[in-house]
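In what follows, chain A forms one complex with chain B and a second complex with chain C.
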Partner chain A sequence: MTLLAQVAPTAGGTAEVVVFWVFAVIALGSAIAVISLRNVVHGAVMLVLNFLSIGGLFLTLESAFLSVIQVLVYGGAIMVLFLFVIMLLGVDRDDLLQADLRTRVLAIAGGALLAGAVLFAFVGPYTSEASVCGPDAPAPGPGEVACAGLAEAYDEDDGAGARFLGRSLFTTYTYPFELAALLLTVATIGAVILARRRDLEPEDEDLADLDAAAADDLDGDDLDGASGAAAERHVAGDGPGTTERGG
Partner chain B sequence: MEIGYYFILSGLMFCIGLVGVLLRRNAIVLFMCVELMLNAVNLTLAAAARMWAGPDGQVFVFFVIVVAAAEVVVGLAIIVNLYFRRGTLDVDVPQLLRW
Partner chain C sequence: MEPSTPLWVPVLQTLVVFAYFLLFTALLIWAERRVVGRMQSRIGPNRIGPGGVLQTLIDGVKMFFKEDVTPSMVNNPIYTVAPLVGVIAGFLTVAVIPIGGEVTLFGEEFTLVVADLHVGVLWVLALSSLHVYSTFLAGWASNSPYPLMGGIRSSAQMISYEIAQGLAVASVFVYAGSLRVSDIVAAQAGSGPIAGMPGWYAIPLFPAFVVFVVGMVAEAGRPPFDLAEAEGELVGGFHTEYSGLRFGMFMLAEFMSVVVMSAIVVTLFLGGPSGPTFGLPDAVAWVMPVFWFTLKTAAFVFFFILLRGALPRTRYHRLMDLGWKVLIPVALVWVLVTAAWVLVSEAGGISAATRTWLAVGAGVIVIALLLTGERQTARATDADVDAWDDPDRDDPDRDAKPRAPHDEEVAP
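Now for the complex of A and B:
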């Protein structure tokens, strides 16, 4: 918590303001980069930058534990999974895959409309002097919203944000917590089932002979219906499949 | 720091993610934009927890991260399977489920 004390010492501290603006600019810039860069790997790296800056913003929000979780789970685990899939499929070159003009105009107009609504809702009542978090802020006027700040809640808990979060998690939210465990188990089982390839065994012998394998597939595979789809899948799936077996 | 700026920032990030989902046609990029939107919501929840000085918002962020992890695992497995079956990641290619 010492780092947190340095970052956000008091209400309206200049350190917090500076850190907020730095991370806010990085977060918005990297978000725009994610949706506009054509190279998928570059987009993924920009997404990592976005996740890290969100972690920094959690720090200024007096949520140090969430900040650590954000960096570990999002910046670490999830993005490694993304990059792993991008590399496995070899789709890093790009995408022809832009929308047509009408969709593009509609999408950007809709996004701008939503952004305008957000600005309209929050500028004013939430950005007044009274909305500065902490005890030093003036009392909120009519239509203004006050921000309590977490300093007092943390003081009762020895100043540790993790204890603050953990106590609530294991008392009030016990059943959602158990459900989350169940969800993770189901997701693991689902991923294992999805990753299994049903046609791995039959074509193991005649790997070198692509034609024979394709003929086999057309004869025996009635799940895919259209023979063209089956052949296409075979061609597409053979390269990576080979490396899988090798490893 | 006024709490409203956090809400505005996360709202703008959500809009950027939404535009990305509508614009891009690559399934993996679509997925990354959804993650962007989830993170924007997380930021809102953490800011609300600070505003009301309660743990609930932080607990919600915790659960959103758990669900996002599960979602990414299953979603990426589905994307890998789709790529092996159809040889493309374009979400506009005629769908198997369309009737």
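Now for the complex of A and C:
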């Protein structure tokens, strides 16, 4: 198999190949760890590692921009939110991961089917020699895709692919881009609607309850303020004795 | 790096930048203790070295030899890795920051920067987003309530302020038209529309500058935004369970991020190492950019120290309000405004000088709107607080007195 890095005009050769293998092995290893580790937080950290190494793979594909965005968006923002939710809800217990045999078999079959479909449809056409960008790439045969895009990216000449990506995203692919944005917005609105509690007014009501409670407390203090304070002192003095009995 | 460059050049660049920031951090720790000491009417460390300047070194040695206790309940691989993440992310961030201009040494000409990446600005943001994992995972892996609280606070805080900071940086690179740090520095090198006025981006992009400065204090987790380690509420926050060298790494990462954030704001908004060289001969002229960069960065570091000495810690919801309701809208509006000026001037509508003035004008308007809005918010909050602290609350005939509208609704 010839790697893109070995034939791309600006690539250096062996260093890129080494980097590719290092990141590829880390990416696969951490991906396996994500689904095999019992601890949810450990799995999430492995997913971070996976995203970082995929960022490294983008680097070997000469796309520094995608690489940094991968780290920034997926490795940074999204995974921090993931971990935040895991820790806030305290779902880092492994009893959530019990699955019976039937579910497991179905999951494995579904996963294999999905992986096969992705490999066949998206990766397959790019595995021939014609897909490798280089000065002497052969013409694409049936079912093969020729190298495209890299030359335009170089022509833009900002060295990172940012300008090229931005232009194509906001001109050629505006419609899918907006559609994806709409999808995310709908998901956000849906989450807000689902999470909203109808039974109480936000903020003000809470404050009002506290206010009323505080007023009650103060009223109580007015009646027997001195004895209340004495009781508190008593409790405070009792503390060490209690622990001694406990120990 | 061209293949013709001998190996010692990148090695020297890396070592110089590394040593520069490490030394800066050590001096910051000393300066902070001295300045805060002065602000609190005490002396601060003054025994080791002239004025106590070597105190940090001795403290480092002490931490190195202290017993490093690992509590038995911690989640070990992550507990060990967490402090490393912060230090590594901090040191990697400085790779794209030029600390000086061109230097000629033994016939080789190079710049005092480790790697001038095409995506340098995004590199800074990406690494600062990875920095969160340090505090966050430390808090979780300690397996203890207060550290967990600190970790959760820090993650929410950093995510919120990262957005505002990212948008502020976005207006910088939209204005400059490049993601490369050296281009951004070069674009600020000349003088502004008035002769003698620096061409710094802090002037046309003033709202973005303000957003970035506020955001960087939050990102560095420094007072008044140090809720992740709030010692009054959370013992030590995320690093409660850490001791010895691993605690030292957290401390190094925190102080380092102060220096790094100052260096970034200087690079993006205050022209980085650019400044007058006073016609010095070429042999020593390279010192001047380093001097200017150090001076500007030191000014921001001093600002951080003053903040710590002067301001109390904010409440958590105030922090979130500031981030989401003030900084992010301002930064968003400012990206739009900047993009509009850039588009108009690209179409040949206005000259660069006019563009600067328009940007300054728009900045004044945005800041003015912001201040009026903030004053109204403050007034509303004050009204709440007044209602809360109402001295008449226990007055038997309090209902007869005029009350804040807020309390009317809850009268039983």
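Just so we're on the same page, the second predicted complex is superposed on the first by the 124 of 247 C-alpha atoms of A that agree within 3 Å, B and C clash if a C-alpha of one lies under 4 Å from a C-alpha of the other, contacts with A are read in each partner's own complex, and residues count from 1 in each chain.
The rule is simple: a residue touches a chain if its C-beta (ideal position, glycine included) is under 8 Å from a C-beta of that chain, and two chains touch if they have at least 3 such contacts.
It should be emphasised that the depicted structure is a prediction, and the values quoted were computed from it without experimental measurement.
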### Task
Considering only the touch criterion stated at the top, classify A:Thr127 as touching first (chain B), second (chain C), both, or neither.
first
### Query
Of the partners chain B and chain C, which touch A:Ile69 in the superposed model: first, second, both, neither?
both
### Message
In the overlaid three-chain picture, which partner chain does A:Val22 touch, first (chain B) or second (chain C), both, or neither?
### Response
neither
### Query
When the two structures are laid over each other on chain A, which of chain B and chain C touches more residues of chain A?
B
### Query
Thinking of the overlay built on chain A, is A:Ala77 touched by chain B (first), by chain C (second), by both, or by neither?
both
### Message
Going by the contact rule set out at the top, does A:Asn50 touch chain B (first), chain C (second), both, or neither?
### Response
first
### Query
Does chain B (first) or chain C (second) touch A:Ala187, or do both, or does neither?
first
### Query
Looking at the overlay, does A:Leu88 come into contact with chain B only (first), chain C only (second), both, or neither?
both
### Task
Name the contact category of A:Gly111: first (chain B only), second (chain C only), both, or neither.
first
### Query
For chain A, which residues belong to both interfaces, chain B and chain C?
65, 69, 77, 81, 88
### Message
Per the contact definition, I'd like the list of chain C residues that touch chain A in the complex.
### Response
75, 77-78, 117-119, 122-123, 125-127, 129-130, 132-133, 136-137, 140, 148, 151-152, 155-156, 158-159, 162, 178-179, 384, 387-388, 393-394, 406-407, 409-410, 412
### Message
Can you tell me which positions in chain A touch chain B when the two form their complex?
### Response
12, 16-17, 20, 24, 27-28, 31-32, 34-35, 40, 43-44, 47, 50-51, 54, 57-58, 60-63, 65-66, 69-70, 73-74, 77-78, 81-82, 85-86, 88-89, 91, 95-99, 103-104, 106-108, 110-112, 114-115, 118-119, 122-123, 125-129, 131-133, 145, 147-150, 152-153, 161, 164-165, 167-169, 172-173, 176, 180, 183-184, 186-188, 190-191, 194-195, 197, 229, 232-233, 235-237, 240-241
### Summary
Given the complex, residues on chain A that touch chain C span 39, 41-42, 45, 48, 64-65, 67-69, 71-72, 75-77, 80-81, 83-84, 87-88, 92, 158-160, 162, 204, 207-208, 211-212, 215, 218-219, 222
### Summary
In their shared complex, chain A is touched by residues of chain B numbered 1-9, 11-20, 22-26, 28-29, 31-33, 35-36, 39, 42-43, 46-47, 49-56, 58-59, 61-63, 65-74, 76-81, 83-87, 89-92
